[in-house]
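Working notes, beginning with the structure itself.
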Amino acid sequence: MTFGLITAVFLAALAGMMNRKLSNTSTLISSLGILILGGLVLLRGGSATVAHGIFYLSTLGGWFLIVLGVVATMSSWYRWGYPDHSRTTSIWLPIFLLSMMTVIVAGNSWVFLTAWETMTISSFFLVTTHHEKPGVLQSGYIYLVMSQLSAMFILAGFMAIGSQLHSFDFAIWAAHASTMPDSYKNLVFLLLGLGFGIKSGIVPFHIWLPRAHPVAPAPISALMSGAMIKLGIFGIMQFLLIDLGQSDRFWPLVVLAVGAVSALLGVLYALMEHDLKRLLAYHSIENIGIILLGVGVMGVGIDWQQPALTFLGLAASLFHTLNHAIFKSQLFLAAGAVEKHTGTLDADHLGGLIRTMPGIAIGFLAGSMAITALPPFNGFVSEWLTFRGLLTVASHSVFLMGIYGLGLAMALGLTGALAGVCFIKAFGTIFLGEPRKAVGHTTIPASMTWPVLSLGLLSLVLGIFPQPLLNLLGHVGLQTQAGHTDLGNLLVSVKTLTVAALLLAGTAIFAVFSRVWQIKTVPRWSCGRVPDASMQFTSASFTKAIRTTFAFIYRPHRKLERLGQHAPDFADRLLYQGGTVPVWERHVYKPMYRWIWRVSHLSTRMQAGPIRLYLAYLLGTVGLMIAIIH
Amino acid sequence: MSYYWSLLGPLALSVAVTRTHNNADGRWHKWIAIWVTVDAIAVMAIIQHGLFLGEWRAIFIAITNFVALTSAWDSIPWLKEHGSVNPTRYYFLWALFWGSLLAISLSQNLALSWLAMEFSTLASAALIVEMGDRHSLEAAWKYVVIASVGLIMALIGIVFIYASLRFQGLLWTTLDYSNLQNHYQSIAPVVRELATVFIVSGFGTKAGLVPFHTWLPDAHSEAPSPVSGLLSGILLGLSLFTIARFVGAVPVAAGDALSGSHLLIFFGTVSIVIGSLALLVQHDVKRLLAYSSIEQVGIMALALGMGTPAALTAGLLQFVFHATIKSSLFYGAGHLSVRYDTKRIDGITDLASGSQARSVFWALGILALAGLPPLGLAYSEWLIISQLWIQHSYIVAFLTSGSLTLTFAALTHHLIQNLWGPASPSPRTHPTSQQRAVGGVV
Amino acid sequence: MNALDLILFVIAAVLLWSRHMRLSILLLAIEGVLLSLMVSISGQLELSSAFVALATLTIKAGLIPAVLSKMMSAFPIEVRKDHPLPLWAYAAGLVVTLGAGHIIQLLGPSHLVQNKFAFFCALSSVYLGMVMIVARHHLLSQIAALVSIENGLVLLGVSLAGSLPVIVELGILVDLAIAVSLLVWMGRRIHLAFQTADVAVLQRLKG
Amino acid sequence: MLWLVQFSGIALLFAGSPLLWGVTQSVKAHLQGRRGPSVWQMYRVIAKNLEKETTAPEFSSLIFRLAPSVSMTALTVVLIMIPLSGQAPQGWPDDLLTVFFLLALERFWVGLSGLDSAGTFGGLGASRTSTIGTGIEPALLATFGVLWKVSGATAIEPVSASLKAVPTGVFAWSLAAISFALIVLAELGRMPVDNPDTHLELTMIHEATILENNGRLLALSQFAMTLKLTVMTALGWVIFGPHLASAWANLGLMLVELTGTSAALGWIESRFTKIRYFQLPTYLSIAAGIGMLAFALSSGGFNL
């Protein structure tokens, strides 16, 4: 059954690859296939090997298949209206989908790595669809290299496990990996953690993410941000937490720290962006951080042998994974619509789009509220779970460890608040107010609007009724086979339905009370001057206070030049330039890059030209070796 | 014994070629290619039994013939592009080179392997000189001198081994690998160690192990592309496997620092690191491929150095994949450099907007070389790395993994440039090889 | 026998030192004659070893010097002379000669080396040839050095094993002949292309 | 029984919140030597605004029109969730973290409405409100952490009694209460963070976001402002205040406490000056630091 379904997905995707006209339909079909497969696996529970160990299906994988399926289905639907009929997309998109599915259902490390690398290369070609635009190739290249780095770490980690267990089958790993010695587990944790972490975009390996995601076409960005980076989380949970079981207590704390740092820095960098898609990409880093906080809680639970805490962390991270997939793909799809609608994504040029594309605007608002974790949307539930997990860790430990846990919770709180600011900014400057520049308005087809709205609706539904889906998570195989009991009261104290009902009813009552339909439009107040669009706050001015507050992170710079004849006193024109310093790029990656080039140059010095030197190498080496013999 | 029939093809060809008249139209080139193809198929029929059994010799012959036949087919367009090359001489030398490669593959005897290898040097060097410009002269000179010195090293080792074994009364079969294996214990350990050092570095020179590789980038980049394919794809691997056969037959006591496997692993690692580092700053497309060969040979050396059955299989796989991929890339590089009139990587740009087949071919080849699954080489490399882990050679494993990443980065860097790079303003700014030759003479 | 070895060793040393191509070629020819003499008296006098000796004489004392001197005469007078031997080469020569002693010590316990003096002379000639190929600039010197190393190797074979298998010896000889002819042919073309016979100019390919 | 107490408490506090505002204002006026308006003044202002015609600035959308309703709703829901008698009825949604997120919801919509008004002041107010929010939320969590540590649950519960069992409980309690008070001042936009009476564009924070509101929208916004005062102080008293045996008595005590707080607020307003906007991060991080210290002390030990 499952094997048949996998085969069907393969065939559908391959058909799409062969034929450009078929591509849309068959991608949609294979996406739905993935969704169904995920549902089947999840409902059945447990794990099974399929096709002589080529595929290995676990409940965790089932959950990630659903995550992938949802995003893929919506992106495929969205593609019907998305005016990008390039050959690149029609060939590589099915392969990309297929490889992501195969990563999840892979049964041994060879299949996994093949799928993983195929995923990298196909997404690289998708990212560079518009290679003629400046900067795209560079972004794609950085993405490719970072991905390969990740693949190599994963390879090393797999080899470490495989050489210890003398098998590369995941089913065997699941059974025996927990018996490995602790020192070996540490090595595996380091290698696989780095490998999967780089691919999911943790700080400081995040630099590829804000470059690669924005330049890709919108459905691709949605898939990459919504599904692909989640596979890193899948790897961490499957191999490091579930398979390895109890390990050194140090590691969950590292995961928590990495999560907090990624979350905070991700949102802080997002705040300074005025390109909508780059902003969303930075938010992916933030959300990966939040998911990792949940993962860390799960790890702490495993190490403390606390099934309830383990399950809390698991539920928090997995649910946030799904939620982020939903609202992030929704936001990316909406951003794609904005781009097609106006031809730009620069928040400093846009404004008032809620009047020209109300459907997308409402979808974006729903997504913004979900990503900011506001009730009654789904982000609220998963962040609530994460908070609960962190505060539980904090309150069950003493002094320093307690402070650490509380600090993490506070970091998450700060992250949430900053995300709020960022999305007030994003939604406010792009969809509200008066247009800042005159931009064209192309009509958006309904097939681009509806996926965005459906995803918004899905967010809302999951925010109000999270319990059924969370119950499915009880099947995820953990070595501490408890947690099922705690499932029921996990969400008992957050009465999502009550709160949602109160909120909707209250808003309706007050809206009726204030008679919103009777309100007349009048000119706005601007101290008596004639108001114009430039008086509005822009993206940069909105976040000025945050920029100064976090100056130690941003290292902002500004330059004010006075131009004109009597420049110092009466300037004709002022030239203002400002920005922030990309710290990681400047202080880590640039020097590293230069260093590698220098070493490379140095290594070719060996090949200096004169044949007598070459002969001297040869004879010298042999002489040296003979001298060693005794 | 029947394997020796495979030498008939090259010999017949070399004789037949001398009978041809050097008329302008190259119609007979096609017949040579057909002859090589037919011969390859016939030999395949002879050796198929051994092939199924996984005999090394059979595999070597098969892969040598396969690359030779592609080289023969590629020679037709290549000769058309390079009118200044004398086809008769070219094909004569080519046939000798092919024959010497087959002889290395076949050889069951250390001394014969040595001889065949020496002849392969001479034949291929003569082919490089056929290009006729200053660069190729320089490359060929370095190639012959360095390779000869290296091979003399190997010969010193062989003399030691022979001198130790001549009392066995086996006469000239003393140096058969099987006899070596049977009698190696009568060789004093120190002699074994000394001979291993000489033979590994001697044949290692032909295999292109760093620091004996110095001739390799020059020779491979200046040779005619069809010959570069054979040089890089076949000759390097065969030299390495000759070392492996010797090392397998005459093992050094396990505790010795300079045992064959240690040397192979050491030089292999150094080759991987240096080869991958050099990739990043290359300007010449064929030099790029040559350095990548050094790196690949290093990986093979690791596999052969470990010597476990799994590692040997992986090494063999690596050899086969590398032979097919690298040779086709060399052919492609030759045609591209003629088409764009430059061998500079930054001159060969914007492939993607041209013929689709060409860009797909090039991209697939480079990506395969970069170690991207499911394109062959990735798997053999992974297998080798897994063997390193199993043997607990962590440092080597990390160095190899790191270098593979670097290789990937460098090759894709150049690939992106090739596929979509900005079209160079005037494609004719770089002098062609013929112009260079003329300039050199003037 | 030992006297022959000593003479060959001295010739190798003089070859290293000699700047004049004509002298070098002459020395090579003498080496060839002595070698063929050596081969013929070393083992039992058989048809095969006589054949090898004859071949050695033809190739090493006849063909190779002839080809080399033909090549040299194609060069103008001013490029018939190599640079003087650099100082470090003397030191290197001394070191490698001592190195040969080191190897004899190494091999001592194995009883491989029957005639230590002959072995020493042979190995040192090989080593001196190697020093020569690194130290010398001239195209011809490099070829001569290659031949000299090869000669030393034959000496080594004789001193260690009496003789190598005939087929191998003949193979080596033929190979040497072809290699030298090829190198000579290339050397003439290099001289034509680069207007010099100094290998130090072969520096265009790097990196 | 608890249900009845809870519902009457909600009704009382909802209806009485403009009165509490009035108390603050008149105490302030008295301390400043003015006669000041009556304590019922806020009711009059709201009633007056309800009668006026409602307008919205050009370019504004439904967001602007809905925002006062949403913030009003969010605060009402928070009010509903607080167990005003110190003990929630069975199955009551008295969840601490939900309160946290509801406050964020209110702030989010206020910010949006500011930007939707398409003027300079709206954006300014939105920017300042949400920036202050980024300091408030983590600091609030520190206090919540203390609560969590003591009760081990997510519900809003009084902590004083439980903290007494901890050796350093008194310190923990007082530090947490101080931290919470500092945060509440910031959240409410009172001195020393913001001056609620100002109409000077350069300094105003909350006022700027509702500058374009009038008529019914303004009435809702003003009511929301007073409701927020009530909600936050009630939350503080429930958590940190004394706790009596009877539910009705507790409710009565709550009313007294709220009135007292309003008066105290008036006193604070007339004693302190507003600190600079760019000094606010320092202020808020001090609050957060105190909260963390309280959390550390609430475990009662210093063993690692």
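Per-chain numbering from 1; labels A, B, C and D assigned in written order.
Just so it is clear, a residue touches a chain if its C-beta (ideal position, glycine included) is under 8 Å from a C-beta of that chain, and two chains touch if they have at least 3 such contacts.
Since this is a predicted model, take the numbers as computed values, not measurements.
Of all chains present, the one whose mean CA position sits nearest the global mean of protein CA atoms is A.
Taking the CA centroid of chain A as reference, the farthest chain centroid is that of C.
When chain pairs are compared by their number of contacting C-beta pairs, A-D comes first. Rounded to whole angstrom, the centroid-to-centroid distance between chain A and chain B, based on C-alpha atoms, equals 44 Å.
Chain geometry summary: the mean Cα position of chain B and that of chain D are 78 Å apart. Spacing of chain B relative to chain C, judged by their CA centroids, is 29 angstrom.
The geometric centre of chain C is 99 Å away from that of chain D, both derived from CA atoms. In chain C, the residues touching two or more other chains are 103, 106, 130, 133, 142, 199, 202, 204-205, 207. Each of residues 604, 607, 611, 615, 619, 626, 629 in chain A touches at least two other chains.
Across the assembly, chain D contributes no residue that touches 2 or more other chains. Of all residues in chain A, only 604, 607-612, 615-616, 619, 623, 626-627, 629-630 touch chain C in the complex they form. Interface of chain B with chain A (complex): residues 141-142, 145-146, 149-150, 153, 190, 193-194, 197-198, 201, 205, 210-212, 214-215, 217, 257-258, 263, 274, 277-281, 352, 367, 372-374, 378-379, 382, 385-386, 388-390, 392, 397-398, 401-402, 404-406, 408-410, 412-413, 416, 420.
Contact residues of chain A toward chain B in the complex are 110, 113-114, 117-118, 121, 128, 131-132, 137, 140-141, 144-145, 148-149, 152, 155-156, 159-160, 162-163, 166, 168, 596-597, 599-601, 603-604, 606-607, 611, 614-615, 617-619, 621-622, 625-626, 628-629.
Residue ranges on chain A touching chain D, taken from their complex, read 351-352, 354-355, 365, 369, 372-375, 380, 383-384, 387-388, 391-392, 394-395, 398-403, 406-407, 409-411, 413-414, 416-418, 420-421, 423-425, 427-429, 432-434, 493-495, 498-499, 502-503, 506-507, 509-511, 513-516, 518-527, 531, 533, 535-537, 541-546, 548-549. Residues 111, 115, 118-119, 122, 125-126, 129, 133-135, 137-142, 144-145, 148-149, 152, 155-156, 159-160, 162-164, 166, 171-172, 174-175, 188-191, 194, 217-218, 221-222, 278, 281-283, 287, 440-441 of chain B touch chain C in their complex.
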